[in-house]
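Can you keep this structure in mind? I'll have questions shortly.
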Amino acid sequence: MKKFINDPSTALQESLAGFAAAHADIVTLAPSGKFVRRKELKQGKVALISGGGSGHEPLHAGFVGHGMLDAACPGEVFTSPTPDQMVEAVQGVDTGAGCLFIVKNYEGDVMNFDMAAEMASEMAGARVLQVVTNDDMAVEDSTFTTGRRGVAGTLVVEKIVGAAAEAGMDLETLQELGKRVNANTRSFGVALTSCTVPAAGKPTFDIGEDEMEFGVGIHGEPGRRRGKLISADEIAEEICEGIVRELGAARSKPVLLLVNGFGATPLMELYLMHNSARKVLEKQGVNIARSLTGSFVTSLDMAGCSVTVTALEEDMLTLWDAQVHTAALRMGM
Amino acid sequence: MKKFINDPSTALQESLAGFAAAHADIVTLAPSGKFVRRKELKQGKVALISGGGSGHEPLHAGFVGHGMLDAACPGEVFTSPTPDQMVEAVQGVDTGAGCLFIVKNYEGDVMNFDMAAEMASEMAGARVLQVVTNDDMAVEDSTFTTGRRGVAGTLVVEKIVGAAAEAGMDLETLQELGKRVNANTRSFGVALTSCTVPAAGKPTFDIGEDEMEFGVGIHGEPGRRRGKLISADEIAEEICEGIVRELGAARSKPVLLLVNGFGATPLMELYLMHNSARKVLEKQGVNIARSLTGSFVTSLDMAGCSVTVTALEEDMLTLWDAQVHTAALRMGM
Amino acid sequence: MSKTMTRLTSEDMKALIGAMQAAIAENAERLTALDQAIGDGDHGINMKRGFDAIAADADAICDKPTPQALSAAGMKLVMSVGGASGPLFGTLFMTLGKSLPEDFECGAFADAFAKAVDAVAARGKSSAGQKTMLDVLYPVSDALAAGKSVGEVAAVAAEAAEATVPMEAKRGRASFLGERSIGHMDPGSCSCSLLVNTIAAWISAKEHAA
Amino acid sequence: MSKTMTRLTSEDMKALIGAMQAAIAENAERLTALDQAIGDGDHGINMKRGFDAIAADADAICDKPTPQALSAAGMKLVMSVGGASGPLFGTLFMTLGKSLPEDFECGAFADAFAKAVDAVAARGKSSAGQKTMLDVLYPVSDALAAGKSVGEVAAVAAEAAEATVPMEAKRGRASFLGERSIGHMDPGSCSCSLLVNTIAAWISAKEHAA
């Protein structure tokens, strides 16, 4: 394993310390190290709290700031945070208007955030609602199983709901909005290499020099199938046609196209993928109104990318364009 | 070789097309494909033009826009652009106040930009001055040889000179400012893996599972020495102590700390490196006034990072903070 | 498990904690490898973090009566493990603590264990046959209810863990794999079996010594 | 090279361009591998792009008299190759074109070649002994001036390229490596030798046929 670290067991806290020092104008790291919070809270605003396993940087701490999250709770690498982190975060950023948890659909995250919500309302009387994101098309949706994973689309939910919270929307309406954005969002990822969890010290999976993994998750979970490496255009076609099919009637709305790198994929390839995805979507008559290209929801050092499409209703488009000032996303301020 | 491409010979143009489509609000790709220009030119402003081999994205096209570059000329991967590109760019963005070329110190770049400057003044009567960046401390400075390379510090020169040009500074003064910023800037890079040039199809160098390359350039050029992989703190110590030594008296000024990823290094590690570098610099009494962490000046899919320090004179600090709106760097607007 | 009333002393509990911590530490790499195959490759690391946290606080935990000690250990897991296994193993221990009288015999333990397993299923919105730790916990619960010997219970756990290999996962990260989850042992089931076997061995050794 | 006045026909020039293009294409991988060792791994790709561009435009180029054709080919290299080799090989051909009379014999060619090599040195701010293409160009220029046979000139070029192996680079990317540049052949010197040998072979074949 080759990484810039001192010791796997302290890597997360050292990285967080670096992050907080680098962005001291936007965020503060709680003295306990349990959460990162927005430096200046806005009184009377619903507090948005997210979190999850680390290793997906800049998600979530990179999205703490004006117009997006109020706090992010980083778990160990690929391990959801523990309830005490979210409880402390609620105590740290709730200004009375209640808290909305934005949770990616993994049982670990869901259970830990559930427990935190229970504890926060029992202990502190906080009002907590949740939005669970599950945009990953690679997994079949079902109420009898874990269902779809929350992946890069989570960023879209955080941005749009964050803008609405900043504008003063109340807790219930924010939850409804978050669910609506999530329902309008689909993602699909492919990997060229595995990632290596620092504490594990070796790659999560082996993959041949001419192979790729289709439908991979953001933890190096094996995907839907293993296949031969194909061209960017072929990948884009397979992904985008699937997404458009799943979006159904929503495909006639203007869409946001997010091409997301998994951590080890250079920007040159991501823009090439953007180009390939755009061609397919335009051929299908989809109107790409907004886009974002970069490594935003990553899997440590995995080479790969995902494509996310959100069908933007009118309010969502306006909220997407709203000012945001975080470490990883900045617009209009 | 595993990359998201269709064909190595069209990869650059496809990636540029994707970039231009994704950022159509900021940039325009010349119909010839020879340069990327700022969408809205500012009349009477000195035009800043940079460029170089591709594979360093987001440098340079990602820095075209308000407060930074007016045009970027992308060469083939790791190959400097040809003079016709810069000549066309001059014709495209010169509004009469002259052009400043910002060139990284590689003989290919220097010669092609030189030829372009000669042609542009001969053919079009354009006034062209140049700033050559050579911040790479890994190479010994000398007037009898090629001297030091231009690496990540180029971004700092582009940002600060870009802000000054936006504010209306004249050509000669801009050139002087650019030279001053460059003189106050030092960088040093290390690599954990090689990069793979798409057209070459295989890694530029082989490196053992427990080795790293010290003083690597941004083209996967072998560096100063090969050594055993050491910890982030040890790397930071070696690099930062060297930089501080080289900066000499300038070390007492407030500094900008840039921790730059080479393309395949995740943000988590970069922030950890930021933390390690910060510790060393603070121990040396250096005042870190500003910082930037991310993959800005890359080497395709190389895993590695560089540390850059610029000693900021008063005017530079103000100019660093000025508004900028480009694809890869955005502040205040 | 003996049919007579049992009260675990503080020393007993410390010894048990030490045994579990050691068993998890020794098997952490194996558990992680299982999770790399069909999950995200952190199960061994997670479990080790949890049991190390319990062990670090063993003095305070074992000062309490057994039920409260179990609850405290469960809360430690919840607050230190994270992931799916944190809330689930935490709920198991916490509910066991809540349901167990201070002095208990075999039947009471079996009852409390059954409640604890139900609480795990409720927390995980899961049930038997989904290739999760429940596929070990339910058989163990049944074996306890049937009054089997500690040796028998341990064997049941080991077999049940083995029996998750051919299952298709419906819950947990492995469910994302669908059919590709078949052919691998469920990591959480493996740790359950490991813990049951560790406890069983400790009890046998103690009974043997007595 | 024959001592009599020479005028290359359009067909000659096309044949020469074809031969050079083929030689570069065949050796592109080798040139790139040399550049991977002490440069940035693109030299073969660069040269191939340049000679492919010349070949694609061969009809128009070869319509011109030899000097103008050489200049046009040089300009093509400048505008298509980029990197260090583009301006340098471009300058070589352009200056050769500028300095050569339409009808020339050996001595005039040697004079023009010497001027072209000086122009390369001026463009590259470089001189002999720095492990660059100049370390082949200068010996070739000297051999031409001394009136050596085409076979001899080709041998000089090959030896000169070989002689760059033990040199320490002072110019070009390899200079960044300092001492570590020792032990590898300079890629640009290799292409110079390759081109000289290709041209020599073409002339010999033609003289033989005549």
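Lettered A, B, C and D in written order, each chain numbered from 1.
Definition applied: a contact is a pair of C-beta atoms (placed from the backbone, for glycine too) under 8 Å apart; a residue touches a chain by one contact, two chains touch by 3 or more.
The chain list, named the UniProt way, goes like this: A, B = Dihydroxyacetone kinase subunit DhaK; C, D = Dihydroxyacetone kinase subunit L.
Not measured: the values here are computed from a predicted model.
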Set of chains adjacent to chain C and to chain D: none
Chain A-chain D separation of Cα centroids, rounded to whole Å: 55
Centre-to-centre distance between chain B and chain A (centres being mean Cα positions), rounded to whole Å: 29
Whole-Å gap separating chain A and chain C, where each centre is the average of the chain's CA atoms: 32
Contacts with two or more other chains, residues of chain B listed in rising order: none
Numbers and ranges of chain D residues touching at least 2 other chains: none
Every chain pair in contact, whichever chains are involved: A-B, A-C, B-D
For the chain C and chain A complex, residues of the former touching the latter: 32, 36, 38-42, 45-46, 49, 78-88, 123-124, 130, 170-173, 175-178, 180
Partner chain B, residues of chain A touching it in the complex: 2-7, 11-12, 14-19, 21-22, 54-55, 57-58, 62, 192-193, 209, 212, 229, 231-233, 235, 263-276, 278, 291, 293, 295, 298, 300-301, 303, 305, 330-333
Residues of chain B defined as touching chain D within the complex: 53, 75-84, 106-108, 111-112, 114-115, 138-140, 144-146, 149, 197, 199-200, 204-205, 217, 219-222, 224
